[in-house]
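Should a chain be cited, it is by its letter among A, B, C, D and E, assigned in written order, with residues numbered from 1 in that chain.
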Amino acid sequence: MYEFQEQIGFPILTVITFLPALGGLAVLFARGKPNVYKGITLAVTGVNFLLSLVLIQYFDRYTATMQFVEKVPWISSLGISYHMAVDGISVLLIMLTTLLSLIIVPASWNYIKDRELQFFAAFLFLETGLIGVFCARDLFMFYVFWEVMLIPMYFIIGVWGGPRRIYAAIKFFLFTFAGSLLMLIAIVAIAYLARSNPFATPVFDMDLLENATFSYQVQVLAFLAFFIAFAVKVPMWPLHTWLPDAHVEAPTAGSVILAGVMLKVGGYGMLRLCIPLFPDAVVAIAPYILVLSIIAIVYGALVSLVQKDLKKLVAYSSVSHMGFVTAGIFALNIVGIEGGIMVMFSHGLLTGALFLMVGFLYERLHTREISEMGGLAGPFPVMAAFFSFFALASLGLPGLSGFVGEFLSLVGLFTYSKPMAAVASIGIILAAAYLLWMYQRVMFTGLRDQKWYKVPDYSLREIVSLAPLGILAVWAGVYPNTFLQLIQPPAARLTEKMAPYMAESGSVVERIFASLGGLF
Amino acid sequence: MKQDLLAIMPEIMLIATAVVILLVDPLLPVDGRRGLSWLGIAASVTAAIATWQLRDEEYSVFSHSIAVDKYSIFFKILLLVVAALAMLLSEKYLFLKKRLLGDYYALILFATIGMMVMAEAVDLITFFVGLELMALCSYLLAGFFRYQERSVEAGMKYFLTGAFASNFLLFGMAILYGLAGSTNYQEIGDAIRLGPVPSGPLVIAIVLVLAGFAFKVGAAPFHNWAPDVYQGAPTPAAAFLAVGPKIAAFAAILKFFTIMLGSQESTWVPLMIAVAILTMIVGATMALLQKDLKRMLAFSSIGHVGYLLLAVIATGSSGRSIGMSSVLFYLAAYTFMNMGAFGVLVHMTNHSSFGDTLDDIAGAGKSFPWAAGIMSLFMLSLTGVPPTAGFLAKFYLFSAVVDAGYAWLAVVGALFSLVSAFFYLRVIVYMYMRSPEQELEMSEDGKSWDLGLGLGIAATGVIVLGILPAPVVDAAQNAVVKLLGN
Amino acid sequence: MMKTAVLLIPLLPLASFIITGLFGKRYFKEKSQYLSVAAVAVSWLLSIYLIIQVERGEELSWQVYSWIAAGKFKVDIGFLVDQLTAVMLLVVSTVGFMVHVYSIGYMKGDGGYYRFFAYLNLFMFSMFMLILGNNFLMLYVFWEAVGLCSYLLISFWYTKQSAANAGTKAFLVNRVGDFGFGLGIMLIFVTLGTLSYSGVFENAGRIGSGTITAICLLLFMGAMGKSAQFPLHVWLPDAMEGPTPVSSLIHAATMVNAGVYMVARSSPLFHQSHTAMFVVALVGTFTAIFAASIGLVQNDIKKVLAYSTVSQLGYMFAALGVGAWAAGMFHLVAHGFFKGLLFLCSGSVIHAVSGEQDMRKMGGLKNKIKITYWTFVIGALAISGFPGLAGFWSKDSVLAGAFNGGYWYFWLVGLIAAFMTAFYMFRLIFMTFHGKPRDVELYSHAHESPRSMTIPLIVLAIPSVLIGLVLGLPPEDGHIDRFLEPVFEAVKGEAHHFGALDVGLMALSAGIGLAGIFLAWVFYIKRPELPEKAGAHVGVLYKAALNKYWIDEIYFALFINPVRALGRGLWRWVDVGIIDGFVNGSARFFRGVGMVLRPAQSGKIQAYMFSMLLGLLALLLVYLALTI
Amino acid sequence: MGDFNQFFFILLSVVILVSAACVVLFKNLIYSALSMIGSFLGVAGIYILLHAELVAAAQVLIYVGAISVLVIFAIMLTHHRTGDLSLYFHKQAWIALPVCAVAGITLMVIMGSAAYNAVGEAQNPTDENIASLLFNEYAFPFELVSLALLVAMIGAVILAKKEKS
Amino acid sequence: MTPLQEYLALSMALFFIGTWGVVARRNIILVVMCIELMLNAINIALVAFSNYSPIGGGRGEVFVFFVFALAAAEAAIGLAIAIAMYRLKEKLSVDDLDEMKG
């Protein structure tokens, strides 16, 4: 029952997960000392980032088995254990999380005026939730972390957000919570169905669940429950409408984490749970999901095109980009899956950066209305340079990170279905359209007001916040193998798992309808 | 005889303390009465320890009218915790409202005894006496502030509906007795199982018993009293009334519907499903409309009763132990989060213009940071968000429901949890995301050590049950083993 | 050594880009050109070295590192240097170098001086990588990268609304082409499992006929975008908003040729699909005449040249499409030089008249700016197919290829287009340099450009004159044909012997060119009132050509506005209306249920008791309902 | 004997039910209270028919002697012998009447027609029997009842005692 | 000998008369009285069962004694509430206390 993999000498996953929470507690006790709690936050996120680098360093990237295993019984009478372990996908996303968390600290240094202390504490708790999701190997733990990250984000949007923050926060919470509750029931159901006999304790351990087999009806229903929970987070069309509201109202740092990491947990969940646990159902339902993904890609882009609010535009672009994630993943081949993960990673970097920049812009202009901007490249050349860099990377310019993921995921999709890939590719055209048009309206053409020349351009603090993201974006574009290597073994494992099921996908609608009565 | 007395030692302690309080109270000046709560708390704690000492043996005492086993010990300790928390919350409130009487604590202790008897009874008569003892005390606690119209209204409403519903329950028990010729649960259960029993009267008995219990726990359509009573009753009393009687009633429900009526599940399970669904609908949708926090909490507790009934239903399905133990755990979690939530309202009463409404807590996040923080904790726990007790309770409960084959009921439950999230979150929204219309003022005697301790215990309970629930889960599982042993 | 050269050629401009880009604003300022020009100069020398090596028969195929490896999808960063590459290198490095030099003078005093050079360097890097890459994905990557540079440089003067629009437009139209290109690459990968040139071409024979047509057409879609073929040509004329050196380098001599390069590179694929080949030829020919007809009536000096470019690119595609691969490449090289020259000349003119581009305001400039005038005339003669000059040989080999391939209709259309070309080029010359100055103000201030600008004109005029002789003689078996033979060996048509008929054709095309020049002389020197009359005579056609056949307007009406309307509709109706409506509606629904239940909570205690009674009876009824 | 028993049963039933109906229907509370006493006495008679004399005695003592007196005291204390005519019945009374009638008759039929397997000759538990049950088997609840009565006392005090304030 | 069934029928009838009274009359004292009528109905059933039960003999009667005691306590508290209410509002109609609702 106890298990500890002696890979690095100390339980690094536990440390990396709970260090921020401890920091958060420490912050709460530093009332009235801004420098102390900001310092703590910076130190904790910094250390965590370094730890994630250590993790990658010691990580064996040539195997698909879970590493850094830590396993201790937790609620043993319910079959729940404290079980943490990571594979390449987790490691990559943990690194992204710690990086973005670190970047946010300087970015919010002077941004939050009210109840700053709680803000930083909320952030640290949020980081714990996020990392926990990526580490958990026990379904129960997964769910706990999944929900834990919800609360701080709810507060971040609701307390430090814009004028419609309450609506946005509640919408965010209820959308996510609705999905989670379905997932909770599915978790319980499969945990109890996976028992060897009716008197055994339920099975929450993912390792064991992956070897369990479920009847087709159970698979379909449980898959849908899990999938809806993840689809809300991703967010997939038509479950996406919380996202624009949440982003527009959230403070910059909130948007960055929300777009940068939180959306990724959706994709991560699909990879970690939907596919390995319910291979039969995945094969059957994948076509529908792909259709939804493609709708998301095109739809998000079209809606983005006509947005008037800069942040909303970026938010809708996330819907479009994340469509590539699900499209890649549910193409169910290794290229697509790796592409999907790369899109997640790169979207985390790029959209994070875009939101940061929108925030920086807002701090200067006190508006996000595109119609009130124009010609800003004049007074803010450095900003314009960064803006163009990240906008171009985001529209999938080759050589930068966005391209690799999108292209791989399209190749994967193309392998699955050519017409689908063709339609999805329209999204790439539209991405260029909305991003360039946005860039043009913001940065080009005549300056509205000469007073902006008196406002300073990016400070060193802001450049330092953005630079790592830019560097990684170039890195992932020029030498993506660094990251692809990490995710190749797990992706291969997933496709191997799928392989036996790929052949026997029959008339899907029929099977789904036939199975609906089964569970009840 | 010695064994008998040993087994009821906790009750004896409470009775003795209550009597002491009653005797001492008139002799003390008003200020001196502030310590009386501590007497009651000490008694509760001691009684809880005494109860814990009994855990290793099975006592079936007083000619099998009560059974002191792991099951009743679980409930009794829980009830004593409720009592202690209620007393911790009360002292300051009574002081502020200038009605600091020892009788109040005596009533809480007597009610606790009644509830403990309800939990440990294995005999209809004993149960009924316990029930009435609890009920009488509750009526008085609700109407304790006799100079406040609302309190009297609450007392009146609680009394009339309570007595009315007790009659249902009593009639049902009378018929059960008549059909079986015994008042002992086990014998009644055997008689019904072995039969033959006339089905008409049996069904009437089941319906009457169900209706009576539904009233006691506040399940729809027998719930209407609850919001009015909680709103009108003194806030700490409301906390006590919202939790204690429910725990005791569920303790009895589980015994009634497994030991006695376990063989009749095809009769009562559909009825209870109907009640449970209606209860969840009423609880969630009505709470959405409330502006008064105590009413909101009342409807919320109605909603929680709906979930609990789901677990009872799960128990019915071939008597699965998980259904039963999930009820136990849920009640434990519910205790802390609900009492905590009411406790925060007590705390807010410091603020002179506080009227228990949502508007009154606007901006509490700034003016009462700690209170608002733990209020959020309780609200999240009531919503069922990890890592709180409420989540684990809901998780455990849904496990039971799904395991019993009622996945669709779990989905319905989840739907209403979602709806309920809306009004729980609204509390947080008001506290943190809105600014108050007027600045809050603290009254002179704002600080209260008892209250702080009470809230601290509740908050700790919510967190500990959420993070390290294993001991309580195990206790709940062990508690039900014996009950379902046959 | 070759490897080093291959590495340095692109990396020097890249390094220069990074350094200039990062530090130019603060440190280099007015001296930004030194590093950039030096880097490109070295690249140019190395290119020449490389060409010589290839000439000697050396080739290079080099995998540098594994770029993307995801499952079966493995793509390397690698270089391929062969004859085709060498030909491209020649044009790109030479024109690139010249344009860099030219820019020193042209851009002097501009606020974004450093930025301009940085972008140019970035472009050089991308373009070098594009032609040096050894697989389709690299081609695609740098295809987009040059597109980016084009975007950045078109909207270089970003404060101008029209420049900003043009940049965005260029990128978007290219993206539409890339849409096809990308899908084509995916289809290649899915079919063959590899993307390297060698791998693909070796296995090209295994591809089914339907698939290969699909691949070719998809690839060609990309080429249409980049090389501005109808109907994706719309961006190139607008791209003239960029500084003139950019127009010269990117939008005339190099980047727009990438499409031609791509089709030539993929010749083993195209060769297998007659349909695709025919489509290429058809699109090319049509574009040639279509753009030429627009060029006839444009008044903006750069717009005329832009449409001319589109038209000439059409020629190249026509050549490729009819199987005259080497001819296409020959025309590419020749065109690269003389069109680069023409643009630089036009830049010089614009520089002389302080930024004015409308020919109707010029006239009589030939005395004021002599060097510019003469080099311009050389360029114009070259493009018009004046016998002996570069354009004559290359254009003739294209036409001959079409004729000999049996595509007499393409030949005929090409001939007409050649006539138009000659006409509008000399219309331009006559309007700009001859006659009386129409705007005295402009005229009086006109002045010859600085030496940094005139030297490149002279340098480029040389190949415009000579390169046809060097490369193109004897016709159909010239140096370039022999040089490119290894590349196009597999796709070569039947051997054709140069005969009397060919001489006749050559004479015909020479005559046509001269006729065009003559007609222009008649219209604009001899009888200047004629154009108006003629225009009135064919009113509709004239108007249509002047308005570029309203293609932009059609696109707006057909695509852009509907797409925006669709986006707005989806947002307002689907997102806010339906989805959020459903969400908010369900919240309202539950409140509504509460409102329905609320009367039961009347506060009247006896009502509560009555409802308890009813509840009790309802339970009995439920039981009865369930049992009966 | 049987017929005699039956006769008294019917007589007592009529008394009980009619006086119970009077309790509800009388406008004057005092009349209602008196009807209630009549009903209680009828119930006591039923107990005698059932050979439960001890219960009958207790019925008379507690219900007639204590509770009824308490009720009458309360009526006196509140000086509220008659209410406002319009407030005499609740407006739902006339909906409740058929409901109660139908439900009552249905349940009467069900309860009155079921075959109880335990039915035999009427037993007559002796008073010793009852006493021993009360003080042995039910000793614990018996003790608890005292608490209930204590609570009632406390309740009366805290609710009804006149305080100087 | 009157059969058990008839006693039970009587009990039911009395129970529902009491029930009707509880929901029909507005005076709190009368409501308390009707509740007592309902309890009497239950007592009749208990005693009848007790007498006709061969095995559980006497328990019903014991039960009734408990009901007596508790009924008395209940009545006392009910009337105390009535008095408190009267003192506060000068009214006895239960409908008059409906401040809390909705």
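The working rule: contacts are C-beta pairs under 8 Å (C-beta built on N, C-alpha and C of every residue); 3 or more make two chains touch, one makes a residue touch a chain.
Predicted, not measured: the structure shown is a model, and the values here were computed from it.
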| item | value |
| --- | --- |
| Neighbouring chains shared between subunit A and subunit C, ordered by label | B |
| Mutual neighbours - chains that touch subunit A and subunit E alike | B, C |
| Maximum inter-chain contact count - chain pair | D-E |
| Centroid-based (C-alpha) most distant chain relative to subunit C | D |
| Identity of the chain that, by mean CA position, is farthest from subunit A | D |
| Most centrally placed chain, judged by C-alpha centres | A |
| Interchain centroid distance [CA atoms averaged], subunit A/subunit B, Å | 41 |
| Between subunit B and subunit E, centroid-to-centroid distance (C-alpha), Å | 26 |
| Whole-Å gap between the CA centroids of subunit C and subunit D | 102 |
| Subunit B-subunit D separation of Cα centroids, rounded to whole Å | 31 |
| Subunit E: positions in contact with at least two other chains | 8, 15, 18-19, 22-24, 26, 31-32, 48-49, 53-56, 59, 62, 66, 70, 73-74, 77, 81-82, 84, 94-95, 97-102 |
| Subunit B, residues touching no fewer than two other chains | 125, 128-129, 132, 136, 139-140, 143, 146-147, 155-157, 160, 164, 175, 178, 181, 201, 204, 227-228, 289, 422 |
| Residues within subunit C bordering two or more other chains | 598, 601, 603, 605-607, 609-610, 613-614 |
| Full enumeration of touching chain pairs | A-B, A-C, B-C, B-D, B-E, C-D, C-E, D-E |
| Touching residues on subunit C, where the partner in the complex is subunit D | 606-607, 610, 613-614, 617 |
| Touch list for subunit D against partner subunit C, complex | 90, 92, 95-96, 99-100, 103 |
| Residues of subunit B defined as touching subunit E within the complex | 124-125, 128-129, 132, 136, 139-140, 143, 146-147, 149-150, 152-157, 159-160, 163-164, 167, 170-171, 174-175, 177-178, 180-183, 201, 227-228, 231-232, 289-290, 295 |
| Complex contacts: residues of subunit B adjacent to subunit D | 4, 8, 15, 22, 61-63, 65-66, 101, 103, 106-107, 110, 113-114, 117, 123, 125-126, 128-130, 132-133, 136-137, 139-140, 143-144, 146-147, 155, 175, 178-179, 181, 196-201, 204 |
| For the subunit C and subunit E complex, residues of the former touching the latter | 598, 601-606, 609-610, 613 |
